[in-house]
C-alpha cells in the first residue's frame, strides 16, 4: 500500500474565497487528506483575523473528514514536513499565477526533496475572484457573499 | 476506502521525452495507476511509429507496476472513461502550455463530468525539451540521447 | 451628431460559438450596427459550410435589427472599408489571443487609417470554448449543443 | 434611439501620460461622452496632486466637448453608476495588463450588471510609457515632456 | 585580444522586414560581424524566392562591411559552427516570441556548447510587423513598402 | 577598430544569486567589460548591506579582469553614461521579466540615445532563483548556499 498522500494547501486566505473552495473540494478527492495552511506574516496587517478565518473555513468543510485548517509561520516547505505533507496543492487562475508558482514550486522542492507541488486550474467562472478584490468590495460596504462560501 | 485514482497521461509522444518521463515518474507516486495514452491521429504522419514508441515507453517503465501504455483514437475524455481513469495528468512547461491546457481541461470536464485534470510543472532543466525539436535534431543526424530516456 | 458607429466582427466562425455570441450581443449595444463577417479562405477546408453557417448565425440574431452577416474574401481592413465599418470588434479570451490581436490591430490601422479595433473580454464561463475544439468533439459524435447558440 | 453611451476611464493618473491620452482621444470617437475618473486612494501618497492633475487633464482636452475629468473615492463600478456611465474604458499595453484587467472587468460587471468594459490597445510607440517610470525620471530631474501631453 | 565575435541571425525571412532590419543594424554594433542566415526548408513553399530575398537583403546592408547574407539547410547550431559564429542573434517582439526562443536557445547550446544566444527587443513601433502578415497584405495587392527596407 | 563595448549590469542584488552570476559570466565573453551596478534606493531597506554585497561580488569575479562592481544612485541610463557604458545587460527568466524589461529598455534608450539593452536568457536550472525567495529562506535559517556563488 502506498504511503498516505497528504496535501498542504497554503495561503494567506485573507479571505478564503469560492475559488479556494473549488481547489479544496477537488483536492480532497485527489488526496487522502488536505490541510489548509493559513500562513502568518507578521509584516502584513490582515483584513480578516486568523481566528475568524479559521472558524469560517472550518464551518465550510465541516462535512468533510479529510479537510482541516492549520496556521503556520515560516517557510511553507518546512511546515509541510512538520505535518507530514508530501504534496503542496495550488490553484492556477492565469499565466501570472503560473510563473509565480513555477518559481515557488522549484524552491520548495529544493528545501524539501520529498515535497512535490500539484496544480489544479480554478474553474473559469471563479478564476476572476481574488482575495484583494474581495477586501476592496467589502471595505466599501458592498456584498461579497457571491465570492465567499460563508458569511463574512 | 476511496476509489482507485487512475490517471491518463495523454499525448502524441512523437517521441516521448525525458520531460514526459519526469511527469510520469512523479505522477506514479501521486496516483494509484498511470496510463500513458498515445493518441492516434490519422491526419498527422508520425516520425516514430506507434509500435516503436510503445516498445520504448514500455521498456522505460518496466520496473514500475503501476505504469502502462495504451493507444487510442478519438476524444481523450472518452478514452479516459473507457479505461476507468478519473484524472488526466498533464505537464506544464511554460505559459503557452498553460493557456492551451486551461482550455482543454474545461472541455474535458464538460465531456466527462467525473474527469479532473491535474498538472505538474516539468522540472526546469527539462522544460525546454519538445518532441518537435527532438525530431528536428534527429532528422539531421545529431544525437538526441540526452533528451530521451531510451535509445532511438 | 456623430457618424454612425459600425463594427465589423470578422472571423472564420467554423463554427460560430456561444463565445462569439457573447461578443456580438454586447457589441450590438456598444455600436449602432454590428456586421458579422465570415472570411473565406480558399486554402482552408471548412468543417461547416459558409452557407450553413450564415443561416445559423442569421437565425441566432433574427431578433436584432442591428446585427447582420456577410461573407468576404481578402483583407479584413479592406472589407471593413467596403461596408463602411469604422471599427473592428474582437473578443479576447486569454493572453495568447491578446498578442495575436495586438499585432493584427496595428496592421489593420495601417491599412485603413480610419479603422480602430475595440476589444471585449469574453465572459469567463465561455472563454474556454474554441471553434477547433468544438469541431473535434462534433467529429467524434458527441454533443456540442452547450457550446453553440443554435443546433448543428 | 439608443441610450447615450457614456464611458468612465478610471485610473490614478499619477501622472496622466500620452498613453492615457491616446486612449481618451480614440475613446471619445467611440462613446458619446468620456469621463476621466481620477481615483483617490488615501493610503497612497501621490506624486502629482489631484488638483494639479485635474488642471493638466482639463487643459489637454479643452478642445473636446465630450471629455471631462472627475475625482472619486470608493469602488469604480459604484462611481460609474453615480455618473450614469454604462461603460468602463481601459487601455491594454501588454499581457500583464490583460490578466489584471480581465479579473477587474468581471468583478465590475458583478457589482454593476449594466457596466461593460471596453478595451483599446495602446498605440505601440506609447505602450512602454508607465506612470511609475515617468515619476522616476522626473524625480531625478530629467525631462519627461515626451511622455506627457502637457507640461509638468 | 578576445576572439572575434561573430553572430548568426537566422530566420526564414519570407520576407525580411523592417523589424529584422532593426535587429541587424543594432547587432552590427554589438558584434564584429553579423551573418544573416536564410534557412532553407524544403517542406515549406516560399512566397519570395531565396535568390530574390538574398538580393534584397544584400542591397539593404550594402553600406555595411560587417553584415552579409548566407543560406543554409539543416540545424541552425550546426550552420553557426560552420561559419565560425559563436553567437546567435534574435529579436524578441512579445512574450510568445520569448517562450519559443527560450526553448530554442537551450537546445542550440546543447547542440553546440560554444554557442550563446543574444536577444534584442524589437523597437516597439516595428514589433507588430510579421512576415506572415506582410505576405497577406502583398498577396491582396496592397502596398507593403512601409514594412520593408527595400522594394518588393 | 570599433569602440570598446562596455555593459552595465544593473540591479539591487539583495542578494546577488547564481542566476546573476550566469549572466555576468556569459556577458563578460560578449562585452569587453561588464560593470555590475548595485542601485541604491534609499526607500527600500536592504537585507544584505551594499558593502557586504560589493565584497561578495568582488570575490566571485576576482579571477576576471573585465568584471567590476560599482554602486549608484539615480537613473540607470544616466549612470551608464557616467561610466561610459553603451550597453545594458539584462537576464530574462520568464515572460513576466520580459514585459517589465521591454518597457524599461525603451525608456532607457529614450533617456540615453546611445544605450542599447542586450538580453541573455538565464540558464533554465537557475531561472527559478529570485533574490526575494533567497531572502525568505535565509531569514528562516535554512541554507541558501546552493543559490549563491559565495557564502553569506
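Going in written order, the chains are labelled A, B, C, D, E and F, and every chain counts its residues from 1.
One rule holds in what follows: a residue touches a chain if its C-beta (ideal position, glycine included) is under 8 Å from a C-beta of that chain, and two chains touch if they have at least 3 such contacts.
All of these numbers come straight from a predicted model, not from anything done at the bench.
Using the contact threshold fixed earlier, the set of chains in contact with both chain A and chain F is B, D. Annotation: the chain B:chain E pair of sequence copies touches via predominantly different residues, less than half of the used numbers being shared. Pairs D-E and B-C differ in how many C-beta pairs touch across them, and the larger number is found at B-C.
Rotation angle for the C-alpha superposition of chain C on chain D: 180 degrees, rounded in steps of 5.
The centroid of the Cα atoms in chain D and the matching centroid in chain F are 34 Å apart.
Look at where the CA atoms of chain A average out and do the same for chain C: the two points lie 39 Å apart.
Shared contact sites, meaning residues of chain A that touch two or more other chains, fall at 94-96, 99, 102, 105-106, 124, 127-128. All chain pairs that count as touching, in label order, are A-B, A-C, A-D, A-F, B-C, B-E, B-F, C-D, C-E, D-E, D-F, E-F.
Against chain D, the residues of chain C that register as touching in their complex are 2, 5, 26, 29-30, 32, 87, 92, 95, 98-99, 101-102, 105-106, 116-121, 123-124. On chain F, the positions that touch chain A within their shared complex are 94-96, 127-130, 133, 136-137, 140, 142, 146.
Across the interface of their complex, chain F is touched by residues 74-75, 78, 95-96, 99-100, 102-107, 110-111 of chain A. Listed in rising order, the residues of chain F touching chain B in the complex are 94-95, 124-125, 127-128.
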